[in-house]
Amino acid sequence: MNRIGKLNWAFAGGHIPFASTGEEPMFNSHDKIAILNTAEEEAEIEIFIFYENSAPVGSYSLKVKAQRLRKVRFNDLIDPEAIQLERKFSCYLRSSLPVVVQFSRMDTGQAANAVMGTIAFPAD
Amino acid sequence: MNRIGKLNWAFAGGHIPFASTGEEPMFNSHDKIAILNTAEEEAEIEIFIFYENSAPVGSYSLKVKAQRLRKVRFNDLIDPEAIQLERKFSCYLRSSLPVVVQFSRMDTGQAANAVMGTIAFPAD
Amino acid sequence: MNRIGKLNWAFAGGHIPFASTGEEPMFNSHDKIAILNTAEEEAEIEIFIFYENSAPVGSYSLKVKAQRLRKVRFNDLIDPEAIQLERKFSCYLRSSLPVVVQFSRMDTGQAANAVMGTIAFPAD
Amino acid sequence: MNRIGKLNWAFAGGHIPFASTGEEPMFNSHDKIAILNTAEEEAEIEIFIFYENSAPVGSYSLKVKAQRLRKVRFNDLIDPEAIQLERKFSCYLRSSLPVVVQFSRMDTGQAANAVMGTIAFPAD
């Protein structure tokens, strides 16, 4: 199988909303990224978080096993520092191997859930 | 007409939700892909599905006729193996001819339907 | 100002839903494209519509004035042939000048409106 | 850190809806852009707005500090001229340094909020 994807990805419009409606945790408001590693080796990922009014935080390190998908909720990134609720952020991700990254949001702050998804920006 | 598209496509963030509301099948929750073949020959498509915790499955084979659109619900991919409800997945698709691929979701798990769409990642 | 955009665009996942709720015409269900022409000349656009089970139809011709935006509802494409409600379609668009094309949907078939938007695929 | 992004961005499908529901300002209808500057220098941004029936307006000037995110609501662009409610628009943005731009909409004109997001078109 071909190596699919890019080494560098970014998206600008992250936001973890505070209010949630509906069953937990399935309809809990969240921003997340899905990372696909089609290669036959594990991918090492570094994530940097950028804010409006303070210095960037990172890297957050994680691995994606060979030929696996990994979904990461930004709520779950806690080392070196948790992402605060209601804070806007951007994300830059780099990988040791080509991967495909998708960004999505479920916002359940009003009665109906709203989902949004977009391919991240493949920077190289 | 020019040959439009790419041979390799991927997206990371697939998910078939379990719960549905509204009339069946129009508002049934689903993830799907739309494949456009503008060429004057039939395109042969192979789809590989990647998971979080098990080996990839594939290829699922299908054809898109010359100068036709084909929409495929992931719920309908059953050979070699059905995609389980509530399971997250990624998708890698390759084609014998350039095609254009779009990913979309209708999630009707709460009272209002939510739709999401994004261009897949054109890998080459 | 630089010439911004591409000559060839496509998207695969078009669909004009039948049912609508809410005030007409603002919340009428529709698929549409927005075309931005930043150049100092008028752009001539040709649109071809592809279907699942019949031959492509086109070209639909339209112009986008110099340094203007034009939004087109697929409901309004009637020459050479109207697009039928509830029919899935794909779209290939070519332009005499570089333009930027965005596809969007408002689906009001259930009680809440759902919007979806994605950049079209820049084919060249 | 690598310089991430592009100098020129555009999107075609802007629209500031008039009606809003829910708490202000969190659920106020709006279109906005998020701009990520990963560089160690401030980025100078110029935005040009295109309309359906009148000449483009611009440039709107703003800065994005080194290694910061900046979100801009189009409602807040007032110099040289405010963007009118219910008016459709397109946007061309150029930057002195590579940046990543994402476009999003929250439309609360009916009872449930709908969110939409897409990567802008990276024009160079």
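First chain written, first letter: the chains are A, B, C and D, and each begins at residue 1.
Note that in this section a residue touches a chain if its C-beta (ideal position, glycine included) is under 8 Å from a C-beta of that chain, and two chains touch if they have at least 3 such contacts.
Quick caveat, the model's predicted, so the values are computed rather than measured.
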| item | value |
| --- | --- |
| Chain copies touching (chain C, chain D) - same or different residues, decided at half shared | different |
| Chain whose average C-alpha position is farthest from chain B's own | D |
| Length of the line joining the C-alpha centres of chain B and chain D, rounded to whole Å | 30 |
| Separation of mean Cα positions, chain B and chain A [Å, integer] | 21 |
| Junction residues of chain C, two or more chains touched | 111-112, 114-119 |
| Chain A residues touching chain D - in the complex, by the definition given at the top | 8, 10-13, 48, 50-53, 55-56, 88-90, 92, 94, 105, 107, 109-112, 114-121, 123-124 |
| For the chain D and chain A complex, residues of the former touching the latter | 1-2, 4-5, 22, 26-27, 33-36, 38, 67-71, 100-102, 104, 108, 111-119, 122 |
